[in-house]
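Next come two complexes, and both contain chain A; in the first it sits with chain B, in the second with chain C.
For the complex of A and B:
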């Protein structure tokens, strides 16, 4: 069967939404018969990315509005599988097909927050305040508990009393910088999702 | 991954997603690729449709992978070693092995130390007081020349081949059926289908995921399969291999980059306390060949280590200070997450930083994790989403019953960007580093992860510069060569982990020939030096951003061989090899075992290995030099006998889950569960018995959700809105539960409530004479999100870890179920 690019997108969109639409008693035939609208991606900018969920590493194309000018806020309005990608060849699973709802989730965090001891609520704070306070707490703990030498005189230079978890959905570049920074502090209570 | 590194030398998926289409038999066991890795699973259907492949699924549930299988066999969760050990026994007793391959490419001919024993469920050297082994006897016999003694006739009673036979002779088809619950005929049918690929030109590929790793014997489950694949001659072959399907998009990358307590980038390791002397530290890691003429690639360890230190400490790292050896922390033990949360629970930790990680949801025994977090002085959560962990102190009724006033932990929540808002690379399961581009800015004041880390580091460095403090030297001298120090770019960091020449790097064979001029990006790890003339942040990633440019961003998807290798798409470590150990795809003379699936072959005219892939071999090593295909192992061959690499034995042995439904181990009743597993005293007391909790529980993912993220995404929340558990029809009848009823599932550690789904997909099995039921528990709900709030599934799971990797036993534990 020959499938044009346009038809292909329609099939893909049908894949996720189709089953629920059918449950609601809507026939897809009706939807297809609707008047043809202007193609919504005509004026978008395409950017290649990788799905951040499982380890297949599917290629995705993110389409955004905004012409990249300094005073324009770019907004991603559509995400689809990358047809050139040798592994997923344009397909996405129900998770990947819903990525737009992850990046624009109402539960995305927008600013740093602080919860005081015993408090039952968050308080908005500035980045400078947050990082300054965290650095101070880390330094206090490190200076008080850093083990330069063991009682029997071995040089060990480790810091055990603050622990770290690194993110396995973070990029290599973030992971590399995180490790570089933490080891300079002598951190050894460090892990990522590899063990769980 | 420890299992694969122990056997083959590298802890990674051997082949790649598209290569699955080349298989003759695909076995999915310990995973459910159709649901958890759907777009990779398409290559299984491709193999079925175009290569006439047979798909076998072995799983406690009739999964969506099973639904399209040619053959499905049920198994009791946690008993896979018994099944696979039985398969080894079947292959050996029916002479279904690839003889040439086993003899030449494995340690089958190696003689083992006379002190090594396995008796009554224990290997030699066990100390019951410490629950650990002294592994001295788990070794090969060495001759006066320092090399291992071998017996090419395979007759010697102490050769690995005969010890292997002896070890698995106990795993008869009857024993397998008794321990696993898989009916004998079904087990034998699976054996027969797999055994057919012992022919040199036939391959089986195995696909597994967390269904194998998350057991107290997880590492050994995977190792059993690795051994099966060696006996069948399937490693290094197109359409063969072990496809370790990692759970997260960059868990392979984070592991490659050494973000684990005891690791450094590129599988280099931190020193132990006793390793005070730098030279001894290096010598111990620069493995000398155990057989004549072997590559033993870790001999280059000093070049990798010194280049890392030059990358981190620049001019401060000199030969005179052993390249800042003392600036790296040394370990008295491994601080894995179970150990760290145990210490936190005891009140011995003050601070904790969770970057893109939700430990309250992701770690076992939620109540313990919650108590532990409440012991902290401060908790920092860096995440794009409002996670449960960040609000562990907040009361969410039955889903999180805590008293905020009693929790004194200071909590900081820092908003980070996500994949769509950054440039950078991820490593997929098959070691492929793929570059991605930013599509929009993070919302509100959210910042990229690297910027957050840099911001924190610059604050700390400023404090140590102005005030001094404990051992400030490494902090003050850490290289920070970024154009905008508060916001290192992805390009700068990628160039740094690729490595560059600090001085001219010359060809060792011809010193007049300059391979890389000072300041240039290196072409690959072969150019690394141990004299301080190169810097490289992660040696295995070297080649990712060369002088030519960003190799991870390459987008040529052409496939000249037709085997799906696409060598110019992105960059795969190591050295852009797509199928590792590919020398083993050829016989001793360098001719492919299967000419239709040639990966590489020896070209005698050109005196080179050539083919569709980068040879995993010195390119000019003629076959008659007998250089083994497993170049990372000092043996040159793969290990059927794991020597001292794993904590719980050189051969995998079936041990019961810590919460065993049998209460005994039919193979050795005196040693029921893994004697070397990670289990703390308090957690032992929190284990339930089959008397109180008679049903096996297992946790898993659904195709509509990813862990605890997608409950924050509206479309996924619509597709699977509400928490449910699955039970079989027999158990439903016994308990009077109907589909749609609210049920309470309890373990010794807590309970959850959910909707019951009664299904034919889960059937009771007869195990050791008992009828056993399984309760299936999808993990995706919690008390934050746009889906309906629910219980964290890890309220139920036990705080027990694998002996080597300390991965928690999420996949098998005991529960009871009642109508709510």
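For the complex of A and C:
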């Protein structure tokens, strides 16, 4: 619907001096003007998201404080179940309801860590190192244990010695890619984490 | 026990327990509760005198409402047609208003004239009571067409109050099931008017409250009521992020609409709490946002043009 700017509710010259309240003799608007000067707006941003925990995929609404435009760090201050979401209709399980603490937890892992066999120390490593190491070990294991044919000559092309556990709140597209990649390697043991 | 096909047929699948009700028709004691909320807010408020006046006005609205005769609604065929084509059934701009709304206005003016009010208010009441039906029809038409520049700020609250009584009576006689969703969803599905504010209920659902007929219709949260954008939705408050009254602004179309969080304060009333937080409107206007809502009981003043 086309609406002209004129039709919007607007104060004249920033006050209520010409308003119903003033013209009926009920307020001069001075007290209000004083109040307006004393206030400063607090601004929060609301966004929809999906709970990261399990495969139910509950809808959540997250509120963050801080104005991104003004180069201030934003902090998430509130998370609630999304009442409009058909899956959870606003409800959350105890883990979902504590998402705010999960986000701000000092124990939250921010980077890959490696603990060598026999060692009690976790050592920070780079993503390149971590992914390189995982790929190398997978290849070693596959090269050693891949079965192209059974003893009676049946073609199977399977790799039984490594399993793969994919994420819970994965999208259809992620699920498709996970399957594509692992089945092409011959992996049979593939699962998605349904609950965390 | 024999089981047939395990494949569910359309209609067999049970909807989830929390099916969302699309429309709530106005309650018959709405004006009583509004008057109580206005009196509560008026105490020590910068616009206390005006809120107190509106409380008396809401009292007279309740009396006028109870005196209105049962309304004549559109025929079932017409109701079906409106639903089919997404048209408001009791359109603010095209519905043929019956003269009974003048009676509602007379009743409101008569009762208001008995209250101790400033001279300017008394004069407005006296002059409105003497106006011809043609003049009143013209003022009503302007208000419903949102031609605020053409309206007298001192007369608008009385005209608005009478029209609210008339439309609430009409809307409350409807069957909520006969009302369909309207596009754009920022307009009332019953009368096509703008909302006053959104109400976020305790269960987390948001309903927009109509400025004219007081119906409440569902709109998905974190969605701009004017342009349906779901990005760049910000909430602005006066007393910190936990305030029960927040203005939801949209970066895409630069408009805002107030949201009242009933979980924080159960007595919130769209009209009363909108006018008790005019400071929020002024600050947002200063930031360049336009109010997507409308409140018939307050005219902000005619601009210089």
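Please note the rule applied: the second predicted complex is superposed on the first by the 106 of 196 C-alpha atoms of A that agree within 3 Å, B and C clash if a C-alpha of one lies under 4 Å from a C-alpha of the other, contacts with A are read in each partner's own complex, and residues count from 1 in each chain.
Please note the rule applied: a contact is a pair of C-beta atoms (placed from the backbone, for glycine too) under 8 Å apart; a residue touches a chain by one contact, two chains touch by 3 or more.
Everything numeric in this text was worked out from a predicted model, so none of it was measured.
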Touched partner set for A:148, first chain B, second chain C, both or neither: first
Which of chain B and chain C A:35 touches, first, second, both or neither: second
Of chain B and chain C, the chain that contacts the larger number of chain A residues: B
Partner chain(s) touched by A:47 [first = chain B, second = chain C, both, neither]: both
Touching partner for A:180 - first (chain B), second (chain C), both, neither: first
Chain B versus chain C as contact partner of A:86, first or second or both or neither: both
Touching both chain C and chain B, counted on chain A across the two superposed complexes: 16, 20, 47-48, 81, 84, 86, 89
For the chain A and chain C complex, residues of the former touching the latter: 1, 3, 5-27, 31-32, 34-36, 39, 41-48, 61, 63, 65, 77-78, 80-84, 86, 89-90
Interface residues, chain C side, partner chain A - complex: 16-18, 20, 46-50, 53, 117-121, 124, 146-149, 152-154, 156-157, 184, 187, 203-205, 220-222, 230, 233-241, 243, 248, 278-287, 290-295, 297-304
Residues of chain A touching chain B in the complex: 16, 20, 47-59, 62, 64, 66, 73-76, 79, 81, 84-89, 91-99, 101-103, 105-120, 122, 127, 130-139, 141-143, 145-146, 148, 150, 154-181, 183-196
